[in-house]
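What follows is a pair of complexes built around subunit A, which joins subunit B in one and subunit C in the other.
Coming up: the complex of A and B.
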């Protein structure tokens, strides 16, 4: 009996080593850093809960939280219904060229976030930008319309929609293709209309996938960094309108060099995400029990 | 054969030892690959290492380094990398004490990051005494030391001066009969140039604006504030953002960029769309440090012979006609052996007449070494700038370049002031108040939160607090020539 047990530990060892090295240790180190002020490992001062106290009174941190929450809510509320809508359109029986449309809608997800930031930076440019030029030609739009100055959050949401709508659509499409056909047909025979069929048959069938997609989108949105960073030229935009929690963490940790404060932000973000996940789990359990 | 059969056969093949064959294979692969990685010879060239992030500099240095390596020891091997990579590696090396390159060429923002901790933790060698004992301190333009000076100690050899002028579309200005020699102040500039904004486009908006400036252009805002005699930090390294002078400057910037008397518009640098707007003459004049001349030559060659330079208009009669934008230094890492040899190399690279000439010819950058300013190369006419001897023009302004703080919080201070400008712009548009007199009180109020934010940041830094108590500030005023350059006007 001893040998198989040793073999099992042998197989598990790489995971434990890597998990300890790259997850447990960094988490523990971040917890220690959060109660310190440091200038490298050789220069550290214990500051207790000062970092967290300062964070609680830091208007920029709360602005970052507000911006990130607005972005997350907006993208989830707009993106997921749109993704589902497009998935349902592609799931129509008899649709020709389904694979082509699927590729077209999915292809933006293949582009790196940095490229998306650069592309939309050019699109949203004043005077010479594609969007203002197009709108100017069609409806006489103001060429100097300041998308990236006064409308930072809508610009970010538009860029995100372009990139991720097709990506989430694929999840929904896969879920829709697994909805039992006999159930749909039976409800149709029973006289259910399209709305009734969606509410009573389709939605309950795809709800686990929808919950998963929402959770992923919320977590991904709260970790927003690269897109605004590139779109706003390595800054948070005018009046910090594009400042996100992770961007603020980066600024404080790697631009100001305050790793203790950045660790405190990281822990706050982690706790925020745990709360989101728990709330969502509670809500989805509630739905299931209903 | 079923899956269970396969499993059984696999187990039986393990034989009497009882260890599955698959497990042995995995372990063997792990051991072999580990040994292979460890045994793989690391590619290290003999000699010392130097990192730079400027491609132009790298290309200029190559022949000098090659010549050095033929005749002197130790050899120096240069590596070109992105600024971000250099920043990460430099800080990782400094913070962890594990060392990095022996010679580090870096720009202002990155170098300042090394000054966040206690003075003894700065990873660069303190060059102050050496510069003074060898007389280099007096030979180099005083203001060029300021970004590399922390708490009175100098940690880098300056590469440049980077005085600033206004580059303007001479073809359009001269066609309108405007004589720029009449311009001494910003008021003169606006009064004389304003007729160029008379022409309207289809939307009824001016076809041209006379100044390339917008509310989030941090570098230019900083240059204008410094030119006006404003400061970001005082002698003790405390923020001085909410000053009357800074308020007046940002009020003027907002008045220029908003309202019925707007004279400025946005044509970004390093951007295709910005270059197109410059080419179209959408903006007439842009703030131009010496290095920017080279950027224009490379990115907008069509403007050759159509642009000229003039000293920046002063904020008041007799005031400073230049400012400063950018900067690079060469530092020696504390972990580097052979300091004497590396110091000799650094001087050879940065201070030689050959390098000064190459720097100007290839990069349009004037040297900070004052004794080399007599070189006739600076008097040569530049065809791009309509035959002006622009080198001489920049050198004439070099002694007036303002000092800058080396605070690690400087980039945050610039962003904070930029936020204040944005907030003031919003106030102006909402209230309909667009004159400097109307905006000044609100400007001071907009700078107050920026000041507070900086103060909070600094107060949290126990290391700077301790240093301030022990050493007393940035030591900028101790730089030669600081009085006339006016660090704390």
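Coming up: the complex of A and C.
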């Protein structure tokens, strides 16, 4: 019979073997690749920090960074308050049909980004698309409003909102259900209004989850690729308005064939995400000490 | 304030909540309804009606104009059945293997004392923040050298050791597998493998359901990895096949929407079956911390 210690490593072995082979080793290769110029997977040439120097001066790269940042900020700022609002509505005591609403709001999250892109590609059409027809019927919106032609970023935000509002709502709902009801009731008896109750009772108890959801959304949004790729027919759209960091990585690595340059972009993205995580940590810790 | 007026207020609040929720649910549901209709329309009807072609039939629809021709073309002309099988194979294999490997790793981290445990835990936590796009270029080069490009193994092997899964199962094992039970089984002379598969695994069942679905979903919807790794169209999963369809048949809207519909339906059905476990598992990592 194996000793427990040996058994522990036995249980961990499959994970660590595959993890070393397909995560640690490629990660090390990513570091090597970033200082090389390559032509496809076979030939490479050492170029030192030239890739990073070129990136710093690459207007397309900065355009991609700007687009991705704008997308991330807008989706997070619009989506998360909405998700929280809907979670609070679903959490109302005595609400009928909660399971049904939850199912409807959550279901778009099951649809993969590629498929969301397929659906919204037709929904965003001028004149014939569902969105313009709906807005036209309700508020007399311009039927020829050029969503994907001129308003790439708003289109991306709308499609994302549809896809992930309910997904984030699920997290908030789970957190809200953990807020002890006596606490809200007590503050209600004390005469606290809804705003006061939210600030002093609800928000403090759901903050850890909110922090988690924000970080998750930021990390996910920074990796945006498939949605504009499919919506804009395998390209970056007019004037590169739909170019994102990962799309640029893909274009340089697999269309131009320079895996070295693509790796450098990957590292920049990695650093960007680490900065986000650190800032977010700091912010949530700073709040705690106040 | 008397009890009656607060009851009325509560009732009014519920009504106003529904007054927001119902239109919101209609808005969120509309693209689904529209998708189903779009997949069932002939191309000449595609733009003349928003949902289904109008007429004198039931619900004001001319049911005679509803067609299944797009599904037939997808299946018989365009070989989408193959892509569907590829997706099913890739997603289920990845989901089952990733779940078993993660469950074993998480269980070991949660329930064993051994030298190097802290380090192993640290590695798992650190690995969660590695952004997948960083590994695309070097991973592609590595698979090329291993001769695994354009193979299912090249997609499956890198996907079945997820650090996030190990972390989730560590949480699950900590909260739902009692140490005393393991000790008792050991005293009875039970082997470690039997303890894991016979006792620990069944106790972690909710997380297993959630993680299988989560991984299945992620693999099914993954685009960039198969787009990079696979080269022969016969090996494409649905996400890649459908995106390719769009560049070839970009004007054939009915066909595209039918393809999208059949790609989405299997996930919906799987989710309806595993809904409860999935939502519980999804939120357990965040809420329990």
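Heads up, the rule we're going with is that the second predicted complex is superposed on the first by the 273 of 290 C-alpha atoms of A that agree within 3 Å, B and C clash if a C-alpha of one lies under 4 Å from a C-alpha of the other, contacts with A are read in each partner's own complex, and residues count from 1 in each chain.
By our rule, contacts are C-beta pairs under 8 Å (C-beta built on N, C-alpha and C of every residue); 3 or more make two chains touch, one makes a residue touch a chain.
Fair warning: this is a prediction, and the values are worked out from it, not measured in the lab.
Asks: Give one word, clash or fit, describing how subunit B and subunit C relate on subunit A after superposing.
Replies: With subunit A aligned, subunit B runs into subunit C, so clash.
Asks: Can A:122 be said to touch subunit B (first), subunit C (second), both, or neither?
Replies: After superposition on chain A, A:122 lies in contact with both partners, subunit B and subunit C.
Asks: Quick check on the superposed pair: does A:10 touch subunit B, subunit C, both, or neither? Answer first, second, both or neither.
Replies: Once the two structures are laid over each other on A, A:10 reaches both partners.
Asks: Let me test your reading of the model: by the given contact rule, A:240 touches which partner, first (subunit B), second (subunit C), both or neither?
Replies: Once the two structures are laid over each other on A, A:240 reaches subunit B alone.
Asks: Identify the partner contact of A:54: answer first if only subunit B is touched, second if only subunit C is, both if each is, neither if none is.
Replies: Touch status of A:54: first partner only.
Asks: In the three-chain superposition, say which chain, subunit B or subunit C, touches more residues of subunit A.
Replies: Between subunit B and subunit C, the winner on subunit A residue contacts is C.
Asks: Does subunit B (first) or subunit C (second) touch A:43, or do both, or does neither?
Replies: So A:43 only meets subunit B here.
Asks: For A:154, is the partner it touches subunit B (first), subunit C (second), both, or none of the two (neither)?
Replies: Neither partner.
Asks: Give one of first, second, both or neither to describe whether A:180 is in contact with subunit B, with subunit C, with both, or with none.
Replies: In the superposition, A:180 contacts neither subunit B nor subunit C.
Asks: Does the superposition put A:89 against subunit B (first), subunit C (second), both, or neither?
Replies: second
Asks: Name the stretch of subunit C, from among 6-14, 186-194, 204-212 or 276-284, that runs into subunit B once the two structures are superposed.
Replies: The segment of subunit C occupying space taken by subunit B is 186-194.
Asks: Share the list of subunit A residues that count as touching for subunit B in one structure and for subunit C in the other.
Replies: 4, 7, 10-11, 14, 41-42, 122, 128
Asks: Quick one: which bits of subunit B touch subunit A in the complex? Just the residue numbers, please.
Replies: Checking each residue of subunit B against subunit A gives 18-20, 23, 26-27, 30, 91, 94-97, 113, 116-118, 121, 203, 205, 215-216, 265-266, 271-273, 276-277, 282, 408-409, 411-412, 415, 418-419, 422-423, 426, 453, 456-457, 460-463.
Asks: For the complex, which residues does subunit A have touching subunit C?
Replies: Contacts found on subunit A: 1-2, 4-5, 7-12, 14-19, 21-23, 25-27, 29-30, 32-33, 38, 41-42, 86, 89-90, 92, 94-97, 100-108, 110-115, 117-123, 128, 130, 133-134, 162, 165-166, 170-171, 174-175, 178, 208-209, 212-213, 219, 222-223, 225-226, 229-230, 233-234, 245-246, 249-250, 253-254, 259-260, 262-263, 266-267, 269-270, 273-274, 277.
Asks: Considering only the defined contacts, which subunit A positions touch subunit B in the complex?
Replies: 3-4, 7, 10-11, 14, 37, 39-43, 45, 47, 50, 54, 58, 60, 122, 125-129, 142-144, 149, 235-240, 255-258, 261
Asks: Within the complex, which stretch of subunit C touches subunit A?
Replies: Residues in contact with subunit A: 10, 13-14, 17-18, 20-21, 24-25, 28-32, 34-35, 38, 46-47, 50, 101-102, 104-105, 107-109, 112-115, 117, 120, 127, 129-142, 144-145, 157-158, 160-161, 163, 166, 186, 189, 191-193, 196, 217, 220-224, 228, 239, 242-243, 246-247, 250, 253, 256-257, 259-260, 263-264, 267-268, 271, 275, 279, 282-283, 286-287, 289.
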